[in-house]
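You will see chain A twice below: alongside chain B first, and alongside chain C after that.
Let's look at the complex of A and B:
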């Protein structure tokens, strides 16, 4: 990217959750559901001495994208690392369930999920995990009728149970700043040792879990620049498509076969992972 | 975490709701709703204990400087400095004056 292009583009990564949802939806169609003034804050954080946020870190916005009815679910990565608790998780799951219900009644509502999350909110434990399981089920239900588009822009990335949600989406869009992984770097370092995985080595971390690598290994479908217009255009293109007949998450036999070929006695390199997963034929 | 409450004299109720900011590190969320006529109430929930006098001094200065509409304000603070608090309040008042409808 040249300096002129860098200065003229509007960063998507730097936008907050609400501004991201507004940027994706057609101008004037943004309508927030279960919003910050509706009293749906986490009942658990204050009891543990943690300051809550009015919308519990999740923005549910209904509107249209190029005229198609769409619900955008945007997670605010700056609030508690984008962690999902009882309320935020229920907002996402509930919205996806209502979108599927819309489709059963003849309204072709699509969904876009903007992932910026470390996964479950540890302070809400099983309630957060339960709500993430409901999100998974709701994505699998809705994607039969309409595309469910996941976007990981960065810089929090998408981890934990929500990385499974990202894997269940019809299409996944990533930027160079994005990261996708079941466990975050600090957790892997703690379990595997710093010699194997140094969580402070940022180029190393991105070389395995970054957006470019996830795209090259077929775990993401589109790789875009951190440009609000470019991301909106890609989402608009994907959302206008008919629902997929086959999803990546249904190809587990193929993935198991590929993993079976991996020699765990050797330290993997990013190139070796591309060889193992990259060829999708 | 500490919860503080402040009240100030005010004019007629504010015309709309406004939300600015985020409960992120060094930042805060300011939620404004129309208040009861003649009174502005501010509920502060802050992650940093022991700064009641600083909040009192800053909010008293802001809300005594000029007559403002009556508001019910909720502040969720995550370690913002008084400078950031001042800028977020100014941003919220600007949004209120601009008539930009918030969620």
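Let's look at the complex of A and C:
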């Protein structure tokens, strides 16, 4: 971007979850469900000395995008690292389940998920994990009827069980600030050692899991600038499409063939990954 | 991840349940697939097992890695395709004994999240298309590995045994990420049911359909085998009698009140 373009754009990354959902939905259509005044806070955090939040870090907003009925599920990265506990997980899974029910009744509700999450909230461990499994189930159900669009803007990125959810989406949109990976860098370093994965080496982390690399290797579908208008326009374009007949998650034959060409005795470079996974035609 | 138990339970139970059924070709050694019959019904057994000679050094102890994730998807999708026009879809039984997903540079570089998504989507698709899908927990069912292999099942069954554990992260890493000591983590795990590692605490969350008492979870006796076969048979009958193909059966647990309450609020506000 030029200096003038940089100065004139409105950053999406810098918006909180609620403002992001408002920015995507058509003006005047935003309606929040299970919001901060509905008394749905985590029943598990308080007894561990963590102050709960009224929305448990997830915003569920119904409205329209270019007139299409859409539910936006926005995760607030600033609360507990965007981690999913029982309540936040149930908000996402429950809303996706209702969107699928809408479609079975003839209402073409779409979904957009704004990922900003480290995955399972470890203070609610097994209920976070269970709710993420229910999010997966609901995406696979809904994507048969309508597109489910994932957006990873940054700065938390998308990790853990929610990276699997991102991999289930019909379309995945990323920015340069995005990161997408199963295991967070600190966890890999803890489990495998600093020689395997140096969690403090930010260029190294981004070179493998950053949005630009994920787009170049076909693990994301769109690469956009951190610009609210640009992100809204891409989401609106993708959401107006018919549901996909085939998903990235069904391409096991192709990925196994590509992996078969990789000599796993050597650590890969980012370029080697582009050679192997790029060119998704 | 430290591990004191023998990590071959998945292989042991697949061999016991499958009897003389051969392992299907076309899979890496770490993904074992066998077709057998249970009560006259065709069923596919799938297990992820250790392969000390795997070319992926971070996936040699039964972890679900890149090859395992994509191959699980293959094993499930091939069953879906084979039964496309069959009046009765074969059951798919995931035998779960996975210490974790694979933690490594290779794995992140090539998108292990997408490999695991592929496996989860395959199981979910099989369930939606009418295959009865059962997860049988015989050892550890950890985190992303369990999400990829078992957590999309219509029913989850677990051996009642201390070696059967479900969790989101190993204790040392979980302590580091939440900025606590392992001792603090264990103290919370004793009083906060979703944080516990043992299968009895897990059972209070309502996610298990049944726990199965056995004498030797690591080396099943003939009695153990018939007990587990009977439980699998019961689970199949329960799935066949259920008009729903979703996961709503997991929401009734005593410690899942908030999950039910959130869904009730969403449903009441959805129509405006």
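By our rule, the second predicted complex is superposed on the first by the 281 of 281 C-alpha atoms of A that agree within 3 Å, B and C clash if a C-alpha of one lies under 4 Å from a C-alpha of the other, contacts with A are read in each partner's own complex, and residues count from 1 in each chain.
Criterion: a contact is a pair of C-beta atoms (placed from the backbone, for glycine too) under 8 Å apart; a residue touches a chain by one contact, two chains touch by 3 or more.
Treat the numbers as computed from the prediction; the structure is a model and nothing was measured.
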Scan A:230 for contacts with chain B and chain C and give back first, second, both or neither.
neither
Quick check on the superposed pair: does A:79 touch chain B, chain C, both, or neither? Answer first, second, both or neither.
first
Greater chain A contact set [chain C / chain B]
C
Looking at the overlay, what does A:19 touch: chain B (first), chain C (second), both, or neither?
neither
So, does A:52 touch the first partner chain B, the second partner chain C, both, or neither?
first
Check whether A:216 is in contact with chain B, with chain C, with both or with neither, and answer first, second, both or neither.
neither
In the overlay, answer first, second, both or neither for which of chain B and chain C A:180 touches.
second
Could you say whether A:124 touches chain B, chain C, both of them, or neither, answering first, second, both or neither?
second
Both partners, chain B and chain C, contact chain A at residues none
Contact residues on chain A for chain B in the complex?
16, 18, 32, 35-37, 46, 49-54, 76, 78-80
Along chain A, where are the residues that touch chain C in the complex?
31, 33-34, 38, 40, 42-44, 47-48, 60, 62, 86-87, 89-91, 94-95, 97-98, 118-120, 122-134, 136-137, 140-141, 144, 160-161, 163-168, 180-184, 186-188, 190-192, 196-197, 208-209, 214, 217, 219, 247-253, 255-256, 259, 262-265, 267-268, 270, 273, 276-277
Residue set of chain B touching chain A in the complex reads 1, 17, 19, 22-25, 27, 29, 31, 33, 45-47, 74, 76-78, 103
Per the contact definition, I'd like the list of chain C residues that touch chain A in the complex.
1, 55-58, 66-67, 70-71, 73-74, 77, 100-101, 103-118, 120-122, 124-125, 127-128, 143-144, 146-148, 151-152, 166-170, 172-174, 176-178, 188, 191-196, 202, 205, 207, 246-247, 250, 255-259, 261-263, 265-267, 269-270, 272
